[in-house]
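Look for subunit A in each of the two complexes below; its partner is subunit B in the first and subunit C in the second.
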Partner chain A sequence: MVVLRAEMCPGLDEDLVKDLRAADIKTVEDLVSSDTEEVAQRCSVSYKALFAIRRVLLAQHTAFPVSGADLYEELLSSTAILSSGSPSLDKLLDSGFYTGEITELSGGPGSGKSQVCFGVAVHISLHLKQSVIFIDTTGGLTAKRLLQMLQTETSNREEQMEALQRIHVFQLFDVFSLLDCLYSLRAGRLQQASVGGGGGSVKAVIVDSVSAVISPLLGAKHNEGMSLMIQVAGVLKTMAKDFNVAAVVTNHVTRGDGGEVQPGLGASWSHIPRTRVLMEKLDRTSVVSHSSLRSATLIKSSRQVTHSPARHGAQSGSCQRSEHKARLQTSVGSERPAECRLQHKHLDSAEPKRFRQVSLLCSTCGER
Partner chain B sequence: MTESGAQLFARLEARRSLKDIETRLFPEDGGPDQGEVVELYGPEGTGKTELLYHLLCRCVLPVASGGLEVDVVFVDTDYSLDMLRLVSILDSRLNAARSTGSPSAGSDEALLRHCLSRLLVVHCSSSSQLLLTLHFLETSLSSRPGLALLLIDSISAFYWQDRCEGGASIAKQEERLSKCAELLGRLLRDYRITVFATCHAIRRSYSGPSSSSSSTSSTSSEYDRPYLCRPWQRLVNHRLLCSRQEAAHNMAATAGGSREQRRRRVFTARCTSSRTKASRSSSFCVTDGGVEFM
Partner chain C sequence: MRPVSSLSLSPSVKVRLVSAGFRFTSDLRGLKPLQLSKEASLSQPEALEVLQTVRRVVGGDEGGGGASASLTALELLQKEEEELRSIVTFSSQLDAALGGGLPVGKTIEICGAPGVGKTQLCLQLAVDVQVPSCFGGVGGQMVYIDTEGSFLLQRVVDIATAGVRHCSLLAEDDEQRVAMETFTVETILSNMFLVRCHDYVELLAELHLLPGFLSAHPRVRLLVIDSVAFVFRRLFDDLSQRTRLLNDLAQQLIAMATRHKMAVVITNQMTTRLRGGQSQLVPALGESWGHAPAIRLLLHWVGPQRMAAIFKSPAHMDSTIQYQITSEGFRDANQCEQPQSKRPRRHTNQPAASQRVTSC
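Then we have the complex of A and B:
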């Protein structure tokens, strides 16, 4: 909704705005939807002038149509696939987190959502030399843990510090400060963050966890809560697309009517992330002390065919991951636009990907 | 309002009918006529957007590859259009046509780009922007006679925002979508285009924990009821109810650790037309190359 104001466009002056208001035309939508001829008569302005105003306002406030070919071209040159730092997770995600979209990690407590987020943040800042925005809504992020993860990667103190500089942390504990933060990031602070701390542009915005601030709002009469949830989703989506960042959010899990585990936040949220990963802790298979096996299952993807997960398939695609150490494609591929296309060609011909499930070995010894 | 001769011609000259856009989806001889609206309705992960890609590809592909060669507008309110996915589907369709038919002229890339140039994409982030954009699209419609299909993914994207911003009065809550529907109705009459729009199923019962979504099986009736404003409901001529089989089953398999294995998820779209009262169910599965009917 955009309220009509004088000087919004040439020809729209104080008097005309007043006249229009008297004719019950207060917003741009009102003016555009109304019959121009009738309004011109009622407000005694020339039809031509009003028509011109309508056209300018329309052009200013509309979403502009883009040709599919141009969009594709733009996408090829701007999309980056950010490696998560774990080869098995990358494989699951079709080589990593894609910029321009929302990826959701959902799982119960201790399923390794946050650890994966930390791992991604560390990987992007240290190896891809890009900035990361980390929005922590649970208070679960500690600099100590980040440093610890960095120390396993590199012993160079300077590199560690530089990497930490590139991780911008916001600790917010309610939905309003989250929205505030996201809006200000979208309004330009994202670029500032890029220029500031240690160079490298912001490539990822991580919200851990999005459900912590939203789920308390969803009550019996949940109009307002739903609206706030959709607002959070909207700003994340537009930010991801306009600034070409990967948005990664974490979600909790609930049990459905049949007792099955499913991501939280309900049916309306389920449409929001383009890729959803369900993380689970596999209790039975704890291998080493301090470590336990986690599994990640792809449950929604716009690019890959998600087959029904098969439990015994888990081990076939398994890959152990201890202390986030195994990994790293040597080509530090932050921008790999040319490969996108290849990837997809590959996807067509590749053997049917039946088991979209991998196991992650996630150490928790750092927590102690 | 004046219009030039070219505009008049573009407006009145019959646009291509899309009755045969996908015969496997609609009842016998019941495809969407010019000026009709098809609503694809279903919860997350039931193949709505995937079906849109399928229809989109069918429209923009050259006749030699089994397409219709018409222009398409994609109104993306969910930011769900995945160009890479679309391109890979187009690619596989082009390849399939090439292997069976005569070798087509031009390289893959050029042909692909040519197909994509028949597509116009708009991203809308609020219902007022959607309304303004529909107004703005009128100029595109009048200047491009080849434009015959409008896809909206999804029409329900701003439902909750409108509900909240409208305050207590239902009329105010539904005002913008009603206006969009009215405008769309006029565009359909004036330009004889066909509209496909997706609509998310929402959970509206206040029983039980509201933060959890429920399985599709037990509460299907609750999911099926239309909830968008009356003007939109009146506009819809065909309704495709999308569902996914064994969805609840699959989830249970994940949780319970059962060893059951299903290789493919089967999607079903059940079409009911308000005009003929005929209905038809069709099943398809989603592969790397897009929708495949069974």
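Then we have the complex of A and C:
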């Protein structure tokens, strides 16, 4: 809550603030929660005046109810669904990344999280002609890779350069600079970025990865790390809502007690993203896999049917893989440019519809 | 409205600020240090620090300059092309797989079983980074942090001699001949800074002091840590503390690599993981460490042949190449000893991979 200051509302003058302070009432919260009659007596002000001040302060700090119909109207006019550039991933996410929400991509090293982020950034800047803010905390972003992705989409050099100009990159490596950056974006630099970036408003804020800066803080004796994590979450959430941008964050994975893969950062973080996607390499038999195929599984969503990551066991693997292979071979056969494999790393990263079908199959034939 | 608790201040100061009623930075605006130190029972230097931090943050919000400047991807691309040139290795296949060599400004992990050539590659890179720019190198200095005691000076002299000989054969124009005068074994050795760390405390301390050293030596383009696993795999009862220290170390290395425009090469050992009754050789230090390096390179044996595989990189294709360790250092495997049928598993990817090699 806010500290009481003399200029906050009429009737609240310097002397009264001093008197209130002497009565151990420092903030608006203290004033509102204390007994007005008692305070009036102790500070020797009229009950009426204090009551009026209290009402004004409450009115200043309250939130207002909005009708559902108005909200729906606003939703229709302001919400955008940003395609990820990959039809199958879009299907998994109910047609793409929603603005005003946090979407999380989690997965182990090399599972293609960053590639999806690059893909989204490229798609938004090239096809939607809107700006993107890319916060790189792992040093994984190279502009050459973005250019490579753009080159497969368009051969027009000018378009490529324009698209690159609409991607704003921040390279930050600790949680305080991340917070500084997010707060300054929320305080107005988001619009500045839109103006400076050659047209188009900022539609997405991508943080790759959020766990890299937070996980060094977690688990220590004092719980400051937890508080900072919630700060990051809070500012991302309000920014997503207030500016109508899609927030995309990446997270690492840990293993649960049973050895199953689950997103990192613990239970309190799991409430933060509206949608969570778990990404995995399909071929997990060796460190060096020769398959560029990845799978994406929806594990939390408020719109789509999700399915728990534990359920798609080994039995569903074989049929998927053959289908994937079919996809890969057609892509190689069609003589795409040299980078088609990496390109397909992100294109192939998701086969959601089928995945959900598979999960349904699993539940009908009983889990093994 | 930015909460005070999100500022980069010590936790005890923040607790005292919040308990005195200062929850947001806006509450602190217009206060004098003396006034604040009295109201929040802070010492005067602490109060001054608080107000300076707030002014910096709030100034950043309004002024647009702020603590963190953004680049557009186009500016980043220009920077990559002009300032961040790759370190050419003496293996053309590895160069091709990495798109022109070891990228400067990134963290690269080399993992592999004992004796497969991790340290040899590190020593080779220590020489490679010094190749003058007229030969396509970066002409930089390097820092070598040795934790295993495996840095063999005699071997460095061998590799450096071979490197100098190679370049002197290539020298054609005057510029290159002039550059050759300063590219000798002696200068190569004098441009290497060796740090011997015996345990993880020494390593962490060294990394905290390194940014100062790097500012004093702006030509450093490569940092090698051989190996990070050796000091972190022993003497740790508390695994969660190890993970936390490693995560912290990783962020430090990434920040250093980006700010000082250098490549950071870390070596890692292998460990056995049991999964469903099957054992599997995986890089050590746990799965969360796997996120730390931008690029991961696995050196392994396939029969008598040494192979290097890129298995994690946000900018390169997964690919596998062959190499050999000769008396001169890390080199391409002899082409005649490399029948095509040796890579049966990759036949579907072959067209893409070979096309890539020719395009580079």
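Everything that follows uses one rule, which is that the second predicted complex is superposed on the first by the 297 of 368 C-alpha atoms of A that agree within 3 Å, B and C clash if a C-alpha of one lies under 4 Å from a C-alpha of the other, contacts with A are read in each partner's own complex, and residues count from 1 in each chain.
In this section, a residue touches a chain if its C-beta (ideal position, glycine included) is under 8 Å from a C-beta of that chain, and two chains touch if they have at least 3 such contacts.
The model shown is predicted, which means the values in this text are computed figures rather than measured ones.
With subunit A as the common reference for superposition, the partners subunit B and subunit C occupy compatible, non-clashing space. Once the two complexes are laid over each other on the shared chain, residue contacts for A:Val169 go to subunit C alone; subunit B is not touched. Shared-chain residue A:Gly68: touches subunit B; no touch with subunit C. By the document's definition of touching, both partners, subunit B and subunit C, reach A:Arg255. Once chain A of one complex is fitted onto chain A of the other, the partner contacts of A:His271 are limited to subunit B, with no touch recorded for subunit C.
Of the two partner chains placed by superposition, only subunit C is touched by A:Val3; subunit B is not. After overlaying the two complexes on the shared chain, residue contacts for A:Tyr183 are found with subunit C alone; subunit B is out of touch.
Within the superposed three-chain model, A:Gly139 lies in touch with subunit C and out of touch with subunit B [touch as defined at top]. Superposition on the common chain places the nearest Cα atoms of subunit B and subunit C 5 Å from each other. Residues common to the contacts of subunit A with subunit B and with subunit C across the two structures: 1-2, 27, 215, 218-220, 222, 224, 227-228, 231, 254-255, 259, 264, 340-341.
Per the touch definition, subunit A reaches subunit C in the complex via residues 1-3, 26-27, 30, 108-110, 114-115, 118, 121, 133-134, 137-147, 161, 164-174, 176-177, 179-181, 183-184, 187-189, 192-193, 197, 209, 211-213, 215-220, 222, 224, 227-228, 231, 235, 252-255, 259, 264, 285-290, 292, 328-329, 332, 337-342.
Chain contact summary for the complex, subunit A toward subunit B: residues 1-2, 27-29, 32-33, 36-37, 58-59, 61-69, 71-72, 75, 79, 101, 215, 218-224, 226-231, 234, 237-238, 240-241, 254-262, 264-268, 270-271, 274, 278, 280, 297, 299-300, 302-313, 340-341, 344-345, 347-348, 352, 354. Taken in their complex, subunit C has these residues touching subunit A: 2-3, 5-8, 11, 20-24, 26-27, 57, 60-62, 64, 66-68, 70-74, 76-77, 79-80, 99, 103, 105-107, 240-241, 243-244, 247-248, 250-252, 254-255, 257-258, 275, 280-283, 287-288, 290-292, 294, 296, 298, 300, 309, 311-318, 320, 345-346, 348-349, 351-353, 355-356, 359. The residues of subunit B lying in touch with subunit A in their complex are 1, 43-45, 49, 60, 73-74, 78-80, 82-88, 91-92, 95, 113-114, 116-126, 128-129, 131-133, 135-137, 140, 154, 158, 160-161, 163-165, 176, 179, 183, 200-203, 206, 209-215, 217-219, 246, 248, 250-265, 286-289.
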